[in-house]
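Naming follows writing order (A, B, C and D), and every chain is counted from residue 1.
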Amino acid sequence: MSHHAPLGIAVIGTGKMGADHVRRVRDLISGARIAAVVDIDEARAAHLADGIDGCTAYTEPAAAMDDPAVDALIIASPGPAHEATLLDALARDLPVLCEKPLTPDAESALRVLEAEQRLGHRRIQVGFMRRFDPEHARLKRVLAGGELGRTLLLHCRHRNVSVHDYFTDEMLITDSVVHEMDSARWLLEQEITAVTVLKPARSSLSPRVLSDPQLVLFETAGGALVDVEIFAASGFGYQVQAEAVCERGTARIGEGGGVGGVLTSAAGRWGGEIDQDYVTRFEEAYDREVRHWADATRRGETTGPTAWDGYAAAAVCEAGVRAQATGQRTEVTMIERPAFYA
Amino acid sequence: MSHHAPLGIAVIGTGKMGADHVRRVRDLISGARIAAVVDIDEARAAHLADGIDGCTAYTEPAAAMDDPAVDALIIASPGPAHEATLLDALARDLPVLCEKPLTPDAESALRVLEAEQRLGHRRIQVGFMRRFDPEHARLKRVLAGGELGRTLLLHCRHRNVSVHDYFTDEMLITDSVVHEMDSARWLLEQEITAVTVLKPARSSLSPRVLSDPQLVLFETAGGALVDVEIFAASGFGYQVQAEAVCERGTARIGEGGGVGGVLTSAAGRWGGEIDQDYVTRFEEAYDREVRHWADATRRGETTGPTAWDGYAAAAVCEAGVRAQATGQRTEVTMIERPAFYA
Amino acid sequence: MSHHAPLGIAVIGTGKMGADHVRRVRDLISGARIAAVVDIDEARAAHLADGIDGCTAYTEPAAAMDDPAVDALIIASPGPAHEATLLDALARDLPVLCEKPLTPDAESALRVLEAEQRLGHRRIQVGFMRRFDPEHARLKRVLAGGELGRTLLLHCRHRNVSVHDYFTDEMLITDSVVHEMDSARWLLEQEITAVTVLKPARSSLSPRVLSDPQLVLFETAGGALVDVEIFAASGFGYQVQAEAVCERGTARIGEGGGVGGVLTSAAGRWGGEIDQDYVTRFEEAYDREVRHWADATRRGETTGPTAWDGYAAAAVCEAGVRAQATGQRTEVTMIERPAFYA
Amino acid sequence: MSHHAPLGIAVIGTGKMGADHVRRVRDLISGARIAAVVDIDEARAAHLADGIDGCTAYTEPAAAMDDPAVDALIIASPGPAHEATLLDALARDLPVLCEKPLTPDAESALRVLEAEQRLGHRRIQVGFMRRFDPEHARLKRVLAGGELGRTLLLHCRHRNVSVHDYFTDEMLITDSVVHEMDSARWLLEQEITAVTVLKPARSSLSPRVLSDPQLVLFETAGGALVDVEIFAASGFGYQVQAEAVCERGTARIGEGGGVGGVLTSAAGRWGGEIDQDYVTRFEEAYDREVRHWADATRRGETTGPTAWDGYAAAAVCEAGVRAQATGQRTEVTMIERPAFYA
């Protein structure tokens, strides 16, 4: 593919996650486009493709891979289908973003590993998205920075509001705690060597079939101990928290409402960092502002703050500068707001 | 322009803010591209254009506007140049995102207003980016929701780490407090009717020419009172905080490290909202993940979590499921990590 | 009076505050006792005195002062009565704790000042209790420590849930903001030189007679600026907050639920102190424990944690020590709980 | 003993904890006095007794118990000495506050239990002081209130700054975790049925002899699971935290700097309570104020806020009331501060 042409992506599997990736690539990813969607449900794939310029619907992953418009794949089909799709993609040397799990068991995952090694270069990225969460990334930086010393304990909380009735005890591990398995390995840079699962009395508000919550313990190759509370039907909110206890202090994320950065306790003080400039603080605001404007402009509209808002600010500034110079309360002089800007 | 062609944007002014908008549109804005850059410094514009496919450099805004590849403008030139550029753009019916200030004074702003009204439809969005900040947007929603009643007071803090030596008292108003002028008008949905500026003893650490900090008071048409602390050389951090005091409670943003959502005090309790699902909590993580993957793929690379990470998670899951079923500590069985994934 | 005899205190005025002081001295103040209570309502004074060993009721402050059992006075009568009582007390060289206000106006306060100076030594302590609030005391220490530099601004919030219908605008100043007048003078160690009062639109939930909330500004001799939000009928809670903005950072108290210590922002970080030992952390718990035990013992009772609790802890400790040594889950061996300890 | 005479207390053991109880009773406990101190170190006991009016020094607990001035005992001697002292006290029907442990092992504790039962009424309170900590008491109230439903998990953190070199692994359980044993039993109102102790890699900063930190798990009769992090040489601070995970939400204490009340997460919101009046908020300030004044008065001194402070407040109030009425900035009129009040 040319450096300048947009990357043609095929999304395999168009359930909740797949459809969300389609929307994401279409609206938010610069330099990429949806070239194909694949689903065993033909109508569903066709319906999704219809709304996207230059997008073809397929029922077979291999057919999409053979479409010359397809440069790369996002796999969001059910886990049991991943192995075949991954092996096909590797056979064609196609880059893949594969939603977790890579495959449903270690044996099949091993076959994928071997195929990628035979290919001789990496083509698979697994969808452990927490590694891209700003809070987790900051926690990783704090731990890697080394000021707190070696991490000895990692306390994790993983709470969902509710789960479907068909959710099983096993899925608590394979669908939920699997995230902590990856984030613990990644944060600690150590493999997990043993697992223990403890079950307290079950919540009477959880689905009958579930022993919920549970406490899962990991031991790691470096001797760290990880405890994970998994509470699938907590009822009150979605919370993902982690607290690393290190030789010289602790660092945690996920407190309060959510995205407040890393809180550390060290040397007799607790607290966090303060942004140092508007670029960091308002980075997301600028991105949203320009995206909002570009999207509206493409629709032929102009929205957002108006020229009237610009005029009003100028009028208030003039009064402000005069008030500052005179020390006096200064009234703002403005025209009546035109109906045009109502 | 076609619905499907990317929006061709000319960025006028390529200083810090303009260059940042060029980078943003190029890397992050789906469906838009930089078609032209304009700067009176010819070499600077040319240098910037060189790195972008299909981008032309100009020294005159009007010349860029006449380029058929240009569909819309971002104005990031110095304020005094805005009026002429805006009038030219309106004459050509071109959509504009204009960095604040609209123009440096109310009289010239009025001329722009009148031109846009003559055109008969809106074409100008002013760059008050706080309206797109997730925290400010949430605060706006809380106030608009009406549960806290009418807003009577708005306490604002605006602290910068430091300013250049040429920063003046007047710029405290026109460059800094202008943001509060807009956010107060927007949050309260009321015009500002009078301004008072109070000066305490100046910080000995601020540039000699500045009376810093200052306390600026706004009165609004609806009787609300706004107090703004502006502290340009606070030394310790960049903080933008706002606390609305309403008839039934308060709501504030900008506490702690920054982006922790809206804290309310009402009915005997203080606190904030908890996310209700992973979509909200990890929205940004998913966006970054896919962007990271698409960017690497376009560079011909694969990075991020590896197939080995997928295999390791599968192996730990298997041990976890067995541990859960047996109640016993269960060792994880894994192959040695291949050098390929080191 | 002898060093060892308990201090005989007369409480003048037995309204809400006076009765509370009677209870406080009786139950919580070691080395002091209530020797007399004074109220113009004879029955009320008598009723209160009846419940206290060795306490006499009076209707006249002077009569109580002449009681040889009285060593010192707490004045909790209405403000207009303070001057006469204070002058009488100074004439007898009696120590006084005088609830605020000292007197209702500066002129009468001056006469008291002069009388105390004629006496030649201090005998009056005024009841500005915030100086004894642990949070305010910590804030004072942080500011006095000098690390944050000179204080330039002090932002204060003073919110009550509700006020009586007879509460007036004037009382917002003399009953409520008077606390900030003292705490600002004390924290900044500067006199207040000018006052401005600003009134936003009134809350529709405040008593009709009140313009509530108000914003009160103080200027100080050293050039600091103090802004005080007074909101008498906020409806949602009682909050007293203060944020000192200094040359090198900020320090604030009263956040969240209340008594969480001093939060500072400085050098790129926000946060607070962590206790360094159990003495600091559990000081109040120890005081309450021993007070609870002594009180129960004086009533002929034994309450609190039982010998059974001691036995259970010992049994669990034994299992814990074994579990620690063996690395195994260890069951706790205990007898059945005797009915005696049910 | 008479209802009105102060309770005569003998403190057995005058090490750090015993000496602290002596100071506490002497200075802070109304209606009680130190009648005797007991220590095998005769000089130490005598020295301590010398400073207290009417206090006798003993080397034998039984001798102190036979002193007619002694009404009750505080036992703060080493644990192995407790059994004999407790049995002697029960034989004399003397009320006891016994520092933990009741006795060092379950078997001896059982003998004490049996003796108290034979006596036929309770005489022993065990010194688990956390039950009197305001934060723990509030957490207990929240859990007992039942709104959050049944408690399923209890996460505890217990961190000390450092320990002596002679501190052993066993003492981590019997000296430190014993507090969580009691607070878990008390908060959950359930006995502990099994214990497991897990050891991660040890901190290289802890004393060589210690495996520090450790993770201790309790199972309870009602099926709750408790995990306790004990970190004896954390280096950074003293932190005692607890988070109860219930069927409908969580409640935790010990966050941030320490004493900020109970934080709950429930029904989509996190947060805490706001005080509803000044009595709650400033209760401790009032107690300290009056205690400070009474103590100074007994020393023949007057300290604290002066009549000058009262005068200054009156003068500022007068300016404030005028400013409020006129809407104008109003200067404060005051006399020069007399040297007397400097």
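Here is the rule we use: a contact is a pair of C-beta atoms (placed from the backbone, for glycine too) under 8 Å apart; a residue touches a chain by one contact, two chains touch by 3 or more.
Keep in mind it's a predicted model, so treat the numbers as computed, not measured.
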Chain at maximum distance from chain B, centres defined as averaged CA atoms: D
Pair of chains joined by more contacts [C-beta pairs], A-D or B-D: A-D
CA centroid of chain B to CA centroid of chain D, Å: 49
Intercentroid distance (Cα basis), chain D paired with chain A, Å: 45
Where chain B touches two or more other chains at once, by residue number: 199, 217, 236-237, 239, 256-257, 265, 268, 270, 272-274, 276
Chain B-touching residues of chain C, taken from the complex the two chains share: 149-150, 152-153, 155, 198-205, 213, 215, 217, 219, 222-225, 227, 229, 231, 234-237, 239, 245, 247-250, 255-257, 265-268, 270
Residue numbers on chain D that touch chain B, as the complex places them: 263, 265, 268-274, 276
